[in-house]
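Shared between the two complexes below is chain A, which has chain B as its partner in the first and chain C in the second.
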Partner chain A sequence: MSRALQVGEAVTVDARYPDGHIRTPYYIRGKTGVVCAAMGEFPDPEVAAANGRTDAMRALYRVRFLQRDTWADYAGSDHDTIDIEIYAHWLTPIEEAAQ
Partner chain B sequence: MSHSHTDEHDHATTFVPDEELSLGFYGLAEAAVRELLVEKGVIEPAELRTALEWYDRTTPATGAQIVARAWQDATFKAALLDDPGQAVAQYGVNMGHVQLYVVENTPTLHNVIVCTLCSCYPRALLGMPPDWYKSRAYRARVVSEPRTVLGEFGTEIGADIEVRVHDSTADLRYLVLPEQPAGTEGWSTDALAGLVTRDTMIGVARASAGV
Partner chain C sequence: MSDAAKGVPGHRGYHDIGGLAEGPVAQTEHVLEPWEKRVDALRVLLGDNKRQILRADGLRHAIETMGEDLYLELTYYERWMAAIIKVLVERGLMNETEIRDRMSAIQARLDIPPARTRPWPRIESP
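Coming up: the complex of A and B.
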């Protein structure tokens, strides 16, 4: 994922399970949400955790998911949401994922 | 006291240690690394003490002053939502390498904060997180059944109000801007700040003017 994502764009979180210091929660991998804010670039935590520091930067987005899409047995309102910070290299726009 | 003579005798001979001496793995690792860093001159004991004093000095009162100001001053509130780091810097708050993000509760939206991966928390604004915030039970449950968890805190959220959980997974730290209780317009900043508890800024409680 190299191009910048747009606010409002639907994205799917990679269903990858690598070892290491991963800041993408398990429960959201493979789920689809909508980009709600672009937060700028931050040091890649996966590289920084292994090397102590890094110059590798990753764009960070806030992505909003519907709770009913996140948990099969969600008991709250259909409108309830969860916002998660996710790095660009974990996100794929849904139209690209379909190709 | 209805203790018999025999009971008192038993108490006198039962040794109860007044200090738990087992450090555990991480306690030992922390002590070992700290002592090595001091021994090798990388850090001074006084630097450590100064850092610990900062933690002890930083309390939710800082966040409460900022929330109270936002309730009173629409321009400040807009700045707090737009560029939070800059707005809190006026209060001497330095967010360091992380970025502050403020989420506002409204009549139709209730925000609550968690860090499911560890215990990320806006310490510069709220001090040290409570133990429950770091517990696996809170971290696992508030993402998947937030309304039930909020109910256990005494916070019932109507079905017509959206509950939005924020999972603090990376480089942002979150502060909930609670709703100002009705009937408190015109109160002083300090009086308003007295209504803003730690839990209202995590989002597990609403600010209330009555007890």
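Coming up: the complex of A and C.
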């Protein structure tokens, strides 16, 4: 995805499982959360890991998920959340995903 | 279309263990050994703007491709050291003979019996 995401926007994490160094935790792939901050742009860690360095920049967002959505057996409060910083190329706004 | 592209849960890195049952986390501080601090310093120097040989992403890549058996056998900074050796050898900056010879010289100088040292980590290139 290429456009900037807005704080408050609902996004779904890609359910992709590529080899290599991936900063998107396995357990959050396929889950839906809400953007809570834009962190700026950073060198793409996936490319940098394989090549040693990269000039490719990726936007990084802090995304907030409900714990009950994240863990099938979560026994805590329905309001508990977890924040994860995820690169833009892993995130799809839910209205675009539905099209 | 590959399984990965279809989104079938597939590859999970052996390091990517969030949410798996691993028992309680030890919460006590442990004192770093001098060699562990030295390995940390080596990695920082290899990744500085002058050298740009091994940055954090490359360190992670090397650790995440060393194979699960070796990953589970090594301690935290042993993984870093194995990753540093792997990258230095792959980049042609040092070869295994030079590293072995240096290790032997240091063992002799410090009078460490070879039996007390760990086996050389075998790291397969991807």
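Rule of thumb we're sticking to: the second predicted complex is superposed on the first by the 99 of 99 C-alpha atoms of A that agree within 3 Å, B and C clash if a C-alpha of one lies under 4 Å from a C-alpha of the other, contacts with A are read in each partner's own complex, and residues count from 1 in each chain.
Keep this in mind: a contact is a pair of C-beta atoms (placed from the backbone, for glycine too) under 8 Å apart; a residue touches a chain by one contact, two chains touch by 3 or more.
Predicted model only: the values in this text are computed from it and were never measured.
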Q.
Looking at A:His79, would you say it contacts chain B, chain C, both, or neither? Reply first, second, both or neither.
A. first
Q. If you stack the two complexes on chain A, which partner ends up touching A:Met57: first (chain B), second (chain C), both, or neither?
A. neither
Q | Which superposed partner A:Ala15 touches (first chain B, second chain C, both, neither) | A | second
Q: Figure out whether A:Cys36 sits in contact with chain B (first) or chain C (second), or with both, or with neither.
A: neither
(Q) Looking at A:Trp71, would you say it contacts chain B, chain C, both, or neither? Reply first, second, both or neither. (A) both
Q: Figure out whether A:Ala48 sits in contact with chain B (first) or chain C (second), or with both, or with neither.
A: second
Q | Which superposed partner A:Pro25 touches (first chain B, second chain C, both, neither) | A | both
Q: Could you give the residue numbers on chain A that contact chain B in one complex and chain C in the other?
A: 25, 27, 45, 71
(Q) Going by the contact rule set out above, which residues of chain C touch chain A in the complex? (A) 3-5, 7-13, 16, 18-19, 52-55, 57-58, 60-61, 64
(Q) Show me the residue ranges of chain A that touch chain C in the complex, using the header's touch definition. (A) 14-22, 25-27, 29-30, 43, 45, 48-50, 52-53, 71
(Q) Going by the contact rule set out above, which residues of chain A touch chain B in the complex? (A) 23-25, 27-28, 39-40, 42, 45, 60, 62, 67, 70-71, 74-77, 79-87
Q: Sort out for me which residues of chain B touch chain A in the complex.
A: 99, 101, 116-117, 143-148, 159-172
